[in-house]
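When the chains are written out, they are named A, B, C and D in that same order, and each has its own residue count from 1.
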Amino acid sequence: MSDFHGVMPYLVSPIDPDGRVKDTVLARLVVDLIDAGVHGVVPLGSTGEFAYLSREQKERIVAVTIEAAARRVPVIAGVAATTNDDAVTQAKRYRDMGAQGILAVLEAYFPLTDRGVESYFTAVAGATDLPVVIYTNPSFQRADLSLPVIERLSRVSTIGYIKDASTNTGRLLSILERTEGRMKVFAASAHIPACVMLIGGVGWMAGPACLIPSESVKLYELCRAGQWGKAMRLQRPLWAINQIFAKYNLASCIKGGLELQGYDVGLPLAPQEPLSNDGRAEVAEVVKRAKEAMGMVND
Amino acid sequence: MSDFHGVMPYLVSPIDPDGRVKDTVLARLVVDLIDAGVHGVVPLGSTGEFAYLSREQKERIVAVTIEAAARRVPVIAGVAATTNDDAVTQAKRYRDMGAQGILAVLEAYFPLTDRGVESYFTAVAGATDLPVVIYTNPSFQRADLSLPVIERLSRVSTIGYIKDASTNTGRLLSILERTEGRMKVFAASAHIPACVMLIGGVGWMAGPACLIPSESVKLYELCRAGQWGKAMRLQRPLWAINQIFAKYNLASCIKGGLELQGYDVGLPLAPQEPLSNDGRAEVAEVVKRAKEAMGMVND
Amino acid sequence: MSDFHGVMPYLVSPIDPDGRVKDTVLARLVVDLIDAGVHGVVPLGSTGEFAYLSREQKERIVAVTIEAAARRVPVIAGVAATTNDDAVTQAKRYRDMGAQGILAVLEAYFPLTDRGVESYFTAVAGATDLPVVIYTNPSFQRADLSLPVIERLSRVSTIGYIKDASTNTGRLLSILERTEGRMKVFAASAHIPACVMLIGGVGWMAGPACLIPSESVKLYELCRAGQWGKAMRLQRPLWAINQIFAKYNLASCIKGGLELQGYDVGLPLAPQEPLSNDGRAEVAEVVKRAKEAMGMVND
Amino acid sequence: MSDFHGVMPYLVSPIDPDGRVKDTVLARLVVDLIDAGVHGVVPLGSTGEFAYLSREQKERIVAVTIEAAARRVPVIAGVAATTNDDAVTQAKRYRDMGAQGILAVLEAYFPLTDRGVESYFTAVAGATDLPVVIYTNPSFQRADLSLPVIERLSRVSTIGYIKDASTNTGRLLSILERTEGRMKVFAASAHIPACVMLIGGVGWMAGPACLIPSESVKLYELCRAGQWGKAMRLQRPLWAINQIFAKYNLASCIKGGLELQGYDVGLPLAPQEPLSNDGRAEVAEVVKRAKEAMGMVND
């Protein structure tokens, strides 16, 4: 029985100009994040540009991540596809490579019925015996997970978690109420983590944690300890980072921020544009403020 | 200096089949809500069907409310218009009638620039010296309040509050951060009240509080006392009521629920449809569960 | 039996800074349009800012229009309301004042069911024995007319026309096919008039015809005569005017353009903004090109 | 210098349950369509489920189509990608295989700036010297082509055509006016082909032509001959087919319809659902009516 929880950074996918995965950079990032206390790592989430990579690049990203994580924390690999067959193939492959969990993302071009959506996630869940986190992002995707579908999927044995990337925090509480404990909820960067922890969430999966891992872990611990006042004093400056991510392309933003911190992760894949100079300055400022807030909370 | 806070029910507008305001029913509802501990009442909010009433009906609603409230709690009257002139006229009229505050709503048919939106709220704020709550609901309205406009409006001396009826709770924290204490935030029924209290909100303005006033007040008090665990035990069953309101027409839902509680508030104005039998059963069930939860928290 | 067809300009609503209708300006505009050959006039359409006027202003607009039109062409008065009762009152009033037809617009704040939408239009249609044009604009309104509702409304005896202000021209053909001759279709400014005439439309109701009435009538006549090649040579430059209207606020744009032509119609009601200097230059340019095209087609 | 025009069916992609392309079925469909008079064929359009196929499947589809077409009509191969690099690779590959043109589709997960959109299409256009049709579908895609971007792309030497799959026919005329002859316009199934021909379009690219190729060619010829009255008598029943496609999943609908006509094209890829029994009956009915209309026009 899995117990995924806590701060799970969405990893960026460092790719060099010739399309090769920058193994060393990625491995160092994974090790540093784990040293900073994160509770798991997620390659090939949205921040990981899953929609922009070839099959070969994706497999390499997962392999490098698993090796660098060295089973110190779980690796939850992103599976994203438009067809059930492709998703099943990916899930099996990542399981064979040693992933401890699957983040299941449904891509769609044409609208789908609820039944179609359900068949996709059921297929992924049946592909392996790994625990599955189902994912929905109504802002960027054409197929959303309705409450009735979530309820039915919560009864699939390997599906135990959901990450809802909408901005609608109330929906998370509705999911928790509706699935009566069968589905644990992770926040996304569009939600205020402290609020999601208050209503019963188990943590968050998001790109910003790449830039502020120890601050994120501290916030998580304060929430878990029920120190809500102290948690909010840290949460407020950390929220500025999430706002920045909503303003810029997510991958550009985290890649730009990691470059500032000395990780040579390279640019987002064209035609996505790199973080602008203004964007870099904004990221630098909000990260600085987050680190200062951390100091104050620790006092 | 005003200090609006706490539970502020949006009142329904009881109208008889001939278009007359049902004075006695409205007055009894106001008195009962105040007896139950609410911190203010708001005639002519969205639940009050402001968009469906004539000038004469609206004035009567405000007059009856003010008289019934008898200055025991503040009456914050809804001003909603498409033109600056109409809004200014309404605000002055309600001030003369004895309202203690204005809830300012901008209706629009054609899209507006930020400058146009700002001119409207500035006009309402300048019409009287009453404290003003600005309102935005991107789901039902064509003109939204952008963060830069909110920031500028927070510097207008009489504008001290905002009610944001989007489902995006993160935006409320962004507003709080951006306005640095000049703007207090009320939650709407689309937000989880306990979350908004956690991040620094001062209360909520919403229709559901008509049906569960003492439960809402209890939840508010638990949040104010920092008893977040206990607050969440009450919040979870109360959330079911907010979900119901998102499912049905708001006015139909509250009017239907109040009828069940013995208030003869009548039907929503046609072509809005009355709450269906299924809807009535759902409302009855969630109100019952909320009252049970209240009992458990009090133990 | 009515036979509404051809070019039906949506009139602007000239209001002075004190809120009084500028009777003389409006009357002169009506007379000049009729002299230019238009087949009807429509006070209180969207371009007529129906959503921004008081009951008194609206009645005055209709009265002045009817008097100026002097039964030379039909006056089709806009009825727009959120409630059935208000709409019925307006329709009866305009009938009593001498209008020859009703343009029925449904305003809504809360979403409506198809049944609610149908009840509104049925109520308007039953209020008088005047022929009714039903109107829908999914871009600016919360309640749209679905094809099944249109089909049912086409069986109401007084409802004989529809104006669909979506940009979806294919929907007009679907309506024509679905209602099998019971519903005549008018184009809006978002459609290419020549296309709508080709598929069986009977004309167009739109603001731009205020600025180019004789050019619009010429285009209509070429279409009616089946001279499609010549029609398109005129249509192409005329289309530039419709594009401008999609770019700016409709009322601002037509009011600004009429000011340029010597009609002192005043400004759109605040917080709507007047046409900018750039906008005025653009309007002047496209009107000039339309008039030149007219010369070429007439040669 | 290319001269793409006329009826260009979007081919379905017949795939067997093991994921293999059904070569024989696809080849027969291509030959039959060309025998029926179509002016080109387009593998890997939206109806061709480009978003659901692997690299290997896509290459096989293009190869089989090119061989079956035997240079009797141009083959315009769909290139769809999220990255410039992937798109360039596809375009070169299809050029080497013998395609006569490229249909360029931009997939996106994160929003793009106009500059990013432009860089993608410029990259595809520069990849080969084949003529390029740029494609946009704001209903299903996250990245739209704005008018200024279209205007700039019209100056790229190999970009000579656009297919706009919005429902907004007026936009097509705006594109034609804005690009002053540098960009030819194809209609999509959301537009009424006769209308697009009237305003200056050169034909249409769409799935429905797979089911009614000779009727589509007849309609095209009537439009080209300026026989607009006769064209509309055929257009009206043909429109019912486009309406059906808007109602059901496009690929399901055409695949289902072709099965009815004896082409064993198989099912759409899961989790897309096959055409329902009701859908099949509807498709059968509208195709029958289209063929009857053809008979009447030929009389």
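By definition in this document, contacts are C-beta pairs under 8 Å (C-beta built on N, C-alpha and C of every residue); 3 or more make two chains touch, one makes a residue touch a chain.
Fair warning: this is a prediction, and the values are worked out from it, not measured in the lab.
Participant: Treat touching chains as neighbours and tell me the shortest step distance from chain A to chain C.
Facilitator: Each step joins two touching chains, and the minimum needed here is 2.
Participant: Measuring between Cα centroids, what's the chain most distant from chain B?
Facilitator: D
Participant: How far is the middle of chain C from the middle of chain D, if each middle is the mean of its Cα atoms, in Å?
Facilitator: Their C-alpha centroids are separated by 36 Å.
Participant: CA centre of chain B versus CA centre of chain D: separation in Å?
Facilitator: The answer is 51 Å.
Participant: Provide the list of chain D residues touching at least two other chains, using ranges where the numbers run on.
Facilitator: In chain D, no residue touches two or more other chains.
Participant: Any idea which chain B residues touch chain C in the complex?
Facilitator: 19, 46, 49-52, 54, 82-86, 106-113, 115-117, 119-120, 123, 140, 142, 249-251, 269-273
Participant: Inside the complex, what are the residues of chain C that reach chain D?
Facilitator: Touching chain D: residues 166-171, 173-174, 177, 190-192, 194-195, 198-200, 226, 228-229, 232, 235-236, 239-240, 242-243 of chain C.
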